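Each of the next two complexes has chain A plus one other chain: chain B in the first, chain C in the second.
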Partner chain A sequence: MAIPHPRDIQLAAVRWLDERYPFTKAIDEAMYQRVPNFANAFYYCFGGMVFVIIVLQLVTGILLAIYYVPDARGNPAAAYNSVLFIQNTVYLGWLIRGVHFWGANILIFMVLLHMARVYWTGSYRAPRELNWIVGAIMLLLILAFALTGYLLPWDTKAYFATEVTIKIAGSPPPPQLGAFIKTILQGGPVVGPSTLQIFFTAHVFLLPALIVLLMYVHFKFIRAHGIAEPL
Partner chain B sequence: MSDPQGTDDVLKEGPGAAVAEPKEVQIIELDGHVGHTLEPEWKRLPIGPDNILYPVIVGIALFPLLMGDAGHHLADDMPDEDTHPFFPDHFWPYPVIIIVMMITLGLLAAFVQKNLQLEAPADPRAVTIPRPDWYFLFLFQFIKLGPELVMSVVIPTVIIIVFLVWPFIDAIAGPRVAKRLGWKRWPVPGRNVMSGTGFVVFLLIIAVLEVWALAGPGFCLPWLTGPVCGA
Partner chain C sequence: MADAAAPRLVTRRTFLGWWMAVILTSLTAAGVLPILVYLWPAPPKGQKKGPVSITLDKPITQLNDGEAVKFNAPTNPNTAFIMADGGGDNAPGDLAFGGFAVKNAGKVDVLAINCSHLGCSVALNDAAKTFDCPCHGSRFHLDGTVLHGPAAYPLSHLTWKQGDNPSTIQVDGIVLGF
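Presenting the complex of A and B:
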């Protein structure tokens, strides 16, 4: 029996896949589709840069989660020690944590730049209103990411910044509502281990799931509407 | 060779047997396909389904694949000289952006370690001036400018709601403003200056509050309620 050429094996595999879903066709349509020339303006790349940073944040975040311990009991707490361990002992831990930290800061800048571009080109207008709302919700999610991530190292500045935030978040009247918000965020009478547990869960499970879902919706909308024409 | 029964079966085996023609594959059409103008075959990347590198292309194309069919879009109705193919003409800046971004973040992580260093472990008894991170510092400063509840809850909530429903505010208020200014059309091409400038002014106010807070407790400016100092 003759040994088939690897190319024939690959072709057979591609044909097998294409019989089940039009992969080749989808790839051709994605790659060789034509794009309007106006989309080459530099300010159209801010959204793509935000996407790149979010992917970097997901990757470095997963790497940090391997060593991080969300436990705030004791002094110094295990959470604090684990961040010190990442920073000083883990191979290239300082780099991963540094990229996550600076990525978070630059991300907020890039989101504001992207938003400014959308304002200047009037891209939020019909039929793109829903995509604007999805984007605005994602801005709030990113601020929530920043807020919850800031507490995780469990050092003095993180602790007191969170205490102030929770005090402000728990201030709207009536007092029952304020107390309710405060309980949800704080999980106890003071900022303590349960607060860290709640913030960690939000930062690592809830918010990433929400933002990935909304990014998918955001891109689906962009593909449906096409790139907005500049004014 | 006379074999009255099953000559065909015999011929299908052995070295001299005829090679079976590959079955005609029926490709499943994507939903709502309207026929895009794709690049002609000779202009495409010479990596087809039979090339060893095709799996790499499939990997790159996984993202648009997830997104599904783009539907009929603007570029399909534009003359060829006003459009360009997505790959490589529109795609090539993104790898460059990714590399520049990763190098920037790596350099920041390597040389601006000061911001990454932890303070003392969290201790509720510590005496410290609480101060949030920079993306909430402007809000922290803003709260000092008036009654706390209004500044910390009412105004931020109103601003968030205005941002979320901005396309509708624009659609309702825009034509009226245009009428008053004697413009014939809304939206006017090239004149989204008002909302664009509005957003930039909003960012500038945030920047001023930020700098004010960063200037420190010793830096005080007169205000309606008396002098207000930085954080």
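Presenting the complex of A and C:
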């Protein structure tokens, strides 16, 4: 029996898959899109950079979650110790945490640049208003990511920054409403272990699910509308 | 008798449509309400309000006029004091993690440590006989009244009574349960 050329194996695999679902067609439709010449400017890449950074955050976040312990009881708390462990003991832990930290900062910067580009080129106008709204919601989600992630190291800076932000969140009148919001966010009468648990849950489960969903919607809208022509 | 030409106000279709809407709304509410109740934080098992025994560095009876001693809430178990009054950032029922026992003009006050502006811990300024806030520069007289803004309200009082021995006091507080 002759040894098959690798291409034959590839073709056989693709044919086997295509007979069961039109993968080739679906991938062709997704990948082969003509980029208009006006969209070749560097500032049309900001949104894509945001996407790349979010993927990076998801990957490094999953890696950090392998060692992080969301437990704020005791002094020093297990949460704080686990961050020290990641930083000092885990192989390349400093690198993964560093990428997650700087990625978070650069992400907000890139999001603002992307928004500025969309505003500058007037790409928010009809019929694309819904995509601007979806993007604005994702901006809020990113800020919620930043807020909840800031508490997780459970050091003094994290604790008192969160105390301040929760105080701001609990400031709307009437006082009963503010107190209600504060209690829900804190998970009790003070910033404590339950606060860390709530913020951790939001940061690791709720917000990633929401942002991935909205990113899918965002991209679907872009494909439906095409890239907006400049003014 | 209904006029055959006039459209009916309620047809079988709209009636059933509204019934379905009511049933679906109720089902949604029945599903969401338990989640909202679940989210409301339950107090941890060990959480308990009551007097907290504090040992002062100097017994209250030995305090000189214009003298204050600082004390902290116990951390084993984690405990907080409950404010008796307060304005601005403080309110009755708010929690404090420290305080001062002050003797001023013959009268003893026990004050919460939280600045009434935005809640930073005020520090005793022994030379000027004031409480100074490190965050935004508010200053208070030893009786807790405002000497200098931005704080607009006096420091909060803690409810207390003399303990079993001269150097202890019983301050109203809460064992947090974690």
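Operating definition for what follows: the second predicted complex is superposed on the first by the 215 of 231 C-alpha atoms of A that agree within 3 Å, B and C clash if a C-alpha of one lies under 4 Å from a C-alpha of the other, contacts with A are read in each partner's own complex, and residues count from 1 in each chain.
Keep in mind that, in the parts below, a contact is a pair of C-beta atoms (placed from the backbone, for glycine too) under 8 Å apart; a residue touches a chain by one contact, two chains touch by 3 or more.
This one's a predicted model, so the numbers in the text were calculated from it and none came from an experiment.
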item: Side-by-side fit of chain B and chain C on chain A, or clash; value: fit
item: Chain B versus chain C as contact partner of A:205, first or second or both or neither; value: neither
item: Chain B versus chain C as contact partner of A:121, first or second or both or neither; value: first
item: Touching partner for A:75 - first (chain B), second (chain C), both, neither; value: both
item: First, second, both or neither for A:161, with chain B first and chain C second; value: first
item: Which superposed partner A:33 touches (first chain B, second chain C, both, neither); value: first
item: If touched residues of chain A are counted for chain B and for chain C, the larger one; value: B
item: First, second, both or neither for A:194, with chain B first and chain C second; value: second
item: Minimal inter-chain CA distance - chain C and chain B, angstrom; value: 5
item: Residues of chain A contacting chain B in one complex and chain C in the other; value: 75, 163, 190
item: List of chain B residues in touch with chain A within their complex; value: 22, 25-30, 36-39, 44-45, 49-52, 54-55, 57-58, 61, 64-71, 73-76, 78, 80, 82-87, 89-91, 93-94, 97-98, 101-102, 104-106, 108-110, 112-113, 115-124, 126, 128, 130-136, 140, 143, 148-149, 152-153, 160, 163-168, 170-171, 187-192, 195-196, 198-200, 203
item: Complex interface listing, chain C residues touching chain A; value: 39-41, 43-44, 75, 78, 80, 89, 91, 95, 118-119, 174, 176, 178
item: Residues of chain A that touch chain B when the two form their complex; value: 6-7, 10-11, 14-15, 18-37, 39-40, 45, 48-49, 52-53, 56, 72, 75-77, 80, 83-84, 87, 94-95, 97-99, 101-103, 105-106, 108, 112, 115-116, 119-122, 124-126, 128-129, 132-133, 136-137, 139-140, 143, 146-147, 150, 153-161, 163-165, 168, 171-173, 190-191, 216, 219-220, 223-224, 226-227, 229, 231
item: Complex interface listing, chain A residues touching chain C; value: 73, 75, 163, 167, 175, 183-184, 186-190, 192-194
